[in-house]
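When the chains are written out, they are named A, B, C and D in that same order, and each has its own residue count from 1.
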Amino acid sequence: MSIRIFVTGGTFDKEYNELTGSLAFEDTHLPEMLRLGRCRVDVSVRTLMMIDSLEMTDADRALIVEQCRQAPESRILITHGTDTMVETAAALAAALAPESRQTIVLTGAMIPYAFGSSDGLFNLGSALSLVQVLPAGVYIAMNGRYFASDRVRKNKDTGVFEAT
Amino acid sequence: MSIRIFVTGGTFDKEYNELTGSLAFEDTHLPEMLRLGRCRVDVSVRTLMMIDSLEMTDADRALIVEQCRQAPESRILITHGTDTMVETAAALAAALAPESRQTIVLTGAMIPYAFGSSDGLFNLGSALSLVQVLPAGVYIAMNGRYFASDRVRKNKDTGVFEAT
Amino acid sequence: MSIRIFVTGGTFDKEYNELTGSLAFEDTHLPEMLRLGRCRVDVSVRTLMMIDSLEMTDADRALIVEQCRQAPESRILITHGTDTMVETAAALAAALAPESRQTIVLTGAMIPYAFGSSDGLFNLGSALSLVQVLPAGVYIAMNGRYFASDRVRKNKDTGVFEAT
Amino acid sequence: MSIRIFVTGGTFDKEYNELTGSLAFEDTHLPEMLRLGRCRVDVSVRTLMMIDSLEMTDADRALIVEQCRQAPESRILITHGTDTMVETAAALAAALAPESRQTIVLTGAMIPYAFGSSDGLFNLGSALSLVQVLPAGVYIAMNGRYFASDRVRKNKDTGVFEAT
């Protein structure tokens, strides 16, 4: 089974820029994380963008949708900032044809992977497993749980994803 | 959904004892790992033993089987040393009644969680997700993959779990 | 020998706030770092402020100077943001009486301690050793080196402290 | 100022071998640690041996002494297992000519650097600073403190170095 991973940025991949003292994006940490997890799943990683999901535009979402549509793989994992992950999941669910055979799982992190105490590796293990097993559809995998794209919200006060 | 987690030790929970310079077991890191993963799944953790799986006896395996049998939960995750994980999975599969409705997933780590570069958090995220989704049966979750208990071996040369 | 440690904030103590996605200060990590270093030097830690050194005012510097003057200890270590560490060192050197018997060492970090790959622990070991050994005066300890307060600048392009 | 660093192994450089589940030596982590510390001191690192200091023989110690004698640098840092660090320091002090102008500082770690929660980086920062500042002689730098070679012992019960 071959799995496509699309990287869009988000907290997952934020870095601390030591010259400016601010957070920024450089390269994705996905390949390093897969190595650390000793992952032996057949994956191909492609970076679509490296942005904070609060800055994601409709055009960005259209690009993500289009890339999923064109992907030959039926199993797709998307790393995404948590702030608008629900919106992108909804856009994907709306755009995919009802007869689509694709399983798409979005995940992210509350703490950057580079910061040592991240939930990113846990979430990646979770999402990568779910995308292999769940039936066709669009899902969010966070906090060890998974949610259908139209049944989830991020609680802004707690940072936790909840069923709606 | 409530998930039972049984801890049996293994590399997952090995620590470096700085007075003796050797590896040893103290308390399990499972609760800390679940916290780090911001896990919001309803789990109850119970430590059955804290041993290297090379030292696991038939009596130890009988205890694990019995605890699974008696558990009210239908979803059970077992942390286990990788060296004899396949044997314990086989013992569980042999002992469970065919009509059992339990999904049991064993996982472990190649590097102790306490050592910073562990695969443990990735594997925990993976196993905890799979145990929620897979049908009744006994499985091993390692390397981002999952295997039915009778279709897997650990390659001793590479440390990787493979389908048989 | 008793050593006074004054905490003023800086990158050393920055944290990632996962609800806002921004960097912020909470409590100092100094006690945890001393524990990690298995430090057995007799120290007393006091937090004077928790700020980014770019926001340090003349009043803040006056407070630091006054606290050093009043400290009964002759050996003082100050953790400080790197951006204006040289200015504070100069203020201290200007304010201390020529006959002062105090050795004051300022140090900081380029990467927050909480972020895993920090230079903070290295710098703390360095500064804590130098403050025990150097003669009276005001110094900066960074990059494994030490500098008299009037012979140093931070190179903004490289983030490295250099002799002038 | 140029500093020679001799690596002899010890807990500092122990690794977890994931295939055998035991502790072993591979390459030294010194260069990586110096990079992490953003060290800008002029150092040259040479590995003399990679052994547990409990296994260090008289011949090994003679080699270390000889290498120090022949080193053109007057400032030498030695990384060493903590169990027999005091013995090697004594051998060095006994062998060096009274008129020697060399400052030699031995340091080590209680927890392997690779294990995430190590005291190694703190100790390295400490030793590297002390070797630049202390007068000629042989010293041990541990626990944020330094000791003349003939005034120190390791407390086997606590793992802490103490003045005698």
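Observations, loosely collected:
In the analysis below, a residue touches a chain if its C-beta (ideal position, glycine included) is under 8 Å from a C-beta of that chain, and two chains touch if they have at least 3 such contacts.
Note that the coordinates shown come from a computational prediction; the quantities given were computed from them, not determined experimentally.
Common neighbours of chain B and chain D, by the contact definition above: there are none.
The distance from the centre of chain A to the centre of chain C, with each centre set as the mean of the Cα atoms, comes to 39 Å.
Distance from the chain B centre to the chain C centre is 45 Å, each centre being the mean of its Cα atoms. Note on chain placement: the centre of chain A and the centre of chain B lie 26 Å apart, centres being C-alpha means. Contact with two or more other chains is made by residues 110, 117, 159 of chain C.
The complete set of chain-chain contacts reads A-B, A-C, B-D, C-D.
Residues 33-34, 36-41, 110, 117-119, 121-130, 132-134, 141-146, 159-161 of chain A touch chain B in their complex. Remark: chain B residues 11, 16, 18-19, 21-23, 52, 54, 83, 110-112, 114-117, 156-159 touch chain D in the complex.
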